[in-house]
Amino acid sequence: MESIGFVGLGLMGQPIAANLIKAGCRVTVFNRSVEKARPLRELGAQVAQLPQDVVSAENAIVLTMVGDDRALEEVTIGPAGFGHRLGKDGIHVCMATVSPDIARRLQSWHAQRGSYYIAAPVFGRPPAAAAAKLWILCAGGAAAKPRVRPLLQAIGQGIFDFGEDPGAANVVKVAGNFLISAVMEGLAEALTLGEKSGIDKQAMAECYVKALFPCPVYQNYAPMIVAGGAKDVGFALRLGLKDNDLVLAAAEKVAAPMPFASVLHDRFVSAVARGRGDADWTAIAANVAEDAGLVASSLATKREG
Amino acid sequence: MESIGFVGLGLMGQPIAANLIKAGCRVTVFNRSVEKARPLRELGAQVAQLPQDVVSAENAIVLTMVGDDRALEEVTIGPAGFGHRLGKDGIHVCMATVSPDIARRLQSWHAQRGSYYIAAPVFGRPPAAAAAKLWILCAGGAAAKPRVRPLLQAIGQGIFDFGEDPGAANVVKVAGNFLISAVMEGLAEALTLGEKSGIDKQAMAECYVKALFPCPVYQNYAPMIVAGGAKDVGFALRLGLKDNDLVLAAAEKVAAPMPFASVLHDRFVSAVARGRGDADWTAIAANVAEDAGLVASSLATKREG
Amino acid sequence: MESIGFVGLGLMGQPIAANLIKAGCRVTVFNRSVEKARPLRELGAQVAQLPQDVVSAENAIVLTMVGDDRALEEVTIGPAGFGHRLGKDGIHVCMATVSPDIARRLQSWHAQRGSYYIAAPVFGRPPAAAAAKLWILCAGGAAAKPRVRPLLQAIGQGIFDFGEDPGAANVVKVAGNFLISAVMEGLAEALTLGEKSGIDKQAMAECYVKALFPCPVYQNYAPMIVAGGAKDVGFALRLGLKDNDLVLAAAEKVAAPMPFASVLHDRFVSAVARGRGDADWTAIAANVAEDAGLVASSLATKREG
Amino acid sequence: MESIGFVGLGLMGQPIAANLIKAGCRVTVFNRSVEKARPLRELGAQVAQLPQDVVSAENAIVLTMVGDDRALEEVTIGPAGFGHRLGKDGIHVCMATVSPDIARRLQSWHAQRGSYYIAAPVFGRPPAAAAAKLWILCAGGAAAKPRVRPLLQAIGQGIFDFGEDPGAANVVKVAGNFLISAVMEGLAEALTLGEKSGIDKQAMAECYVKALFPCPVYQNYAPMIVAGGAKDVGFALRLGLKDNDLVLAAAEKVAAPMPFASVLHDRFVSAVARGRGDADWTAIAANVAEDAGLVASSLATKREG
């Protein structure tokens, strides 16, 4: 298989990189805090000192899974960014949830250098990444896709192709996160109504999951909403707000009003204000309960803003 | 099996009554417009001239599936209502989507006469009713449930019991309809963003259904939302507004704010204003598109209000 | 001047009735709790034992200022209602904030008996009523208005005529209350943003009142919003919710979406849920502050719903 | 009086600069398109070729009135920016509606060079600027204010001081614009309800302005809302959306949810989508009417997004 670079070893990047190694790739990794690279070194990865050092050959492929637009820009086109070394026919595969805007800007940047940009954001949480069961949204230059496809197949259970505009994949991704957060808000409102009406919240949630929505997102989220938010932080509420900002910005750009997304904006902002920014994003259920005068199981206490 | 009365032979009532006959019940039916009773007569039903005539024995069970609170009141406690004849230990099983309030009032009314009220609203559209695959939410007097249970089993695939307050089943039902309408709105907002971003709406919808929400509500509704609303009227938008009114009233009564339900209120009202009151309720997708400056496939044209 | 009946001696009814006496009318009053009639008796009013007893002559005029639709119905067309005695060319002037619907129904009821219904809801709080400085919205049968006009002039500083449909005056009234509550919400949001940005809320409010909105509603309300709600209950929040229900119902009836009114609905419901139903309606400012993580000056403590 | 520089001669900058000349200042102006400088030259202004050339002396004062954050940055700290020449004790007075963020960043930038930044955004439209009747919000370094004060007095009718954080003045300004847009939305919703209820919109608006809100903002805006938007573009809707973005960003930064501002966001976005981005911002009234099924007087036709 390919020699590839991999930048960003967070909760998602780690298992994805591991699966690529298992699939036979020679992988050179970079992460800001180097200790996260250790488990991968044990699996056989090379560890680079700078982003630019993940490029070990001409014509390379580099996958990135970093936190936000700014970090992506730095590791790619910053002073030590790998982009400068990618060279003709090199490929940058960006798997993170970033803005459609930066996807389009980086595509242009690469095009000027003869390299390619492929957006490949994913649906799935860390366990799905570990099981190579991610769903992958893919968009970007057609010429680069054949080389990228086997890599994506090694880490996911399905690929959806959204054409040549890399921003398209990011729009689909942030709108998908919006749909998940809308499920959370809807369930929280319905169950709070139930609780205040004297109905067993859990029985109510089970009824909805069984009769209306027997699928993973509801099966996973409904119990967390019943509990007023998950104890373990799978996805920080503050990042949920960031993704909500991305979908609202993308929608403003093309002049598409999204009233549900606006309600969710207010919801996330209020949750941060009440000290839940670092809690799991399902903690918005606690805010919904408080707005109805219920004392939410206190998941977080510090106030901020 | 039991001798039962059945009032209300609309799109849902017809197949439910037919399944009860097939299950071996002797059924006496009443419907305001008598021609709808014909198919059931051919299956062996008696046809009553007045609501009160569906009670053929002491200790009877009467199921009702009528349009709204007012119709329910009339057939039950109106001058020719069956309630007056139900007598001691008679049971009224109300399957329609009505307000929690009227459920509680009718329970009291029956209790004063020694009869019982069981709320048994359902999830499922006409095809599910025909296939005896409804999901049934059940609440009311415990003493009456054992006799009612076999009837519900004959028409559904599962029963959820929400205790003795019949209003509880109605709250779960209207909140469930709220969740379905929230799915419609969420999908419509996401797909409109996609369309204005140059993305193939249908591919986007398929991605969400496959990767995030592989369950019947999304599988059924996503294509209708893509189309800007279903051609066939499975559930009239005007009734969607009525159900939204029910959930908001139930929520106001227990002081539970529901901002998504409020957005949906505005959405349904605007759809009625633009002439879509008699269209399928999925036609709210056309309003979402119009708000983004797209010319919605015109499902309805007359304006009103 | 006229012999008139007056039903409803609350915070507004008292000073209005007093001004009519001072203007030379012979007034017969009725109030459910009779002690509220005492001050008026001292001014020369007759005190009736039943609503119907306020009609002392043929061809009478009766003004009503009662709490809601139900109370209005009872005193007018209930068993002891004055409506039955009003007779041909009698006039019912209804000054309360009731629904457009009941206005239209009572107009029909009176029309069948040869009597008239005039809707005359007012803007202004108790001090304005005492000073005969109310603004009066007037609608109803043209034939009755000349006799009513001098009475309205005796209690207000201006009359706006909205034609023959009495519901029109009520629509203008409930929409006006909506505008006032929108001012409250807007100020609360702006000042909360200011407070969290480290800005002196009071200086900020004074700036807006002076530079943008130098008029009574803002001059009166801004300091109450700064304080997180008025200490004295000029208008109970629970009644604010009732009026909001009226405007939303009137808007749904004519298919006019009102997203600001829907936000206010959620706001009032949440404020009731947090125990502020009996506080002044300006207490919604405390909810706005709490949603931003601020500890609102606790105006009320009991929770409900 | 002072020798001052003035950058930005748009609808507001022109009359402000003119008033400073009339007050006796020696003024050097800069504008991107030089023809706008001509009227001021006739009044005695010097015309500079580059932003940096407006600084004619040590210790200078430069006022800026430019369109947005980006333009402000360019004229101040760009390659030809005047900031580089301002020198010790020089003062930059920024009158435009920009973000609190850039105000704080520029304050730091100036502080490092011994110069001062004063935020001085204004309330008032071009006629008020011409009449020297602006209301001025002022914040920034205390040491610089005494020299700035006479200049501000020469162009306005009142100054509100919000302390040393220049961002504070910008927060007050964008929140003030939010309050004005909330007035527009509230009036549009109320008058649309009225229109669909068969009420004369204009009479209804006059009633509100006279009885509830006798102050300039309502007196000016109500007739424009009645008309479905102003014919003349006093303030482009697209800029209204930009200001709404500023207030939402400022609020998110301090974790203050603003549901009215979110509704306005959706409103402005939808108005842009329906081709009203270049219309006056009062054209949101046309969108409110359309959402209620009314055919809005077509103020703009091209669609975009």
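We call the chains A, B, C and D, going by the order they appear; numbering starts again at 1 in every chain.
Going forward, a residue touches a chain if its C-beta (ideal position, glycine included) is under 8 Å from a C-beta of that chain, and two chains touch if they have at least 3 such contacts.
In this text the structure is predicted, and so the values were computed from the model without any measurement.
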Between B-D and A-B, the pair joined by more C-beta contacts: A-B
Intercentroid distance (Cα basis), subunit B paired with subunit A, Å: 38
CA centroid of subunit B to CA centroid of subunit D, Å: 52
Residues of subunit B engaged with two or more neighbouring chains: 196, 251, 254-259, 263, 266-267, 270, 273, 291-293, 304-305
Arrangement of touching chains [line / ring / star / complete / other]: complete
In the complex, subunit D residues that touch subunit B: 196, 259, 270, 273-275, 291-293, 303-305
Complex contacts: residues of subunit D adjacent to subunit C: 100, 123, 135, 137, 158, 160, 162-163, 165, 167-168, 171-172, 175-176, 178-180, 182-183, 185-187, 189-190, 192-194, 196-200, 203-204, 206-208, 210-218, 247, 250-251, 254-261, 263, 266-267, 291-293
Contact set on subunit D toward subunit A in their complex: 241, 245, 248, 251-252, 254-259, 262-263, 265-267, 269-270, 272-273, 304-305
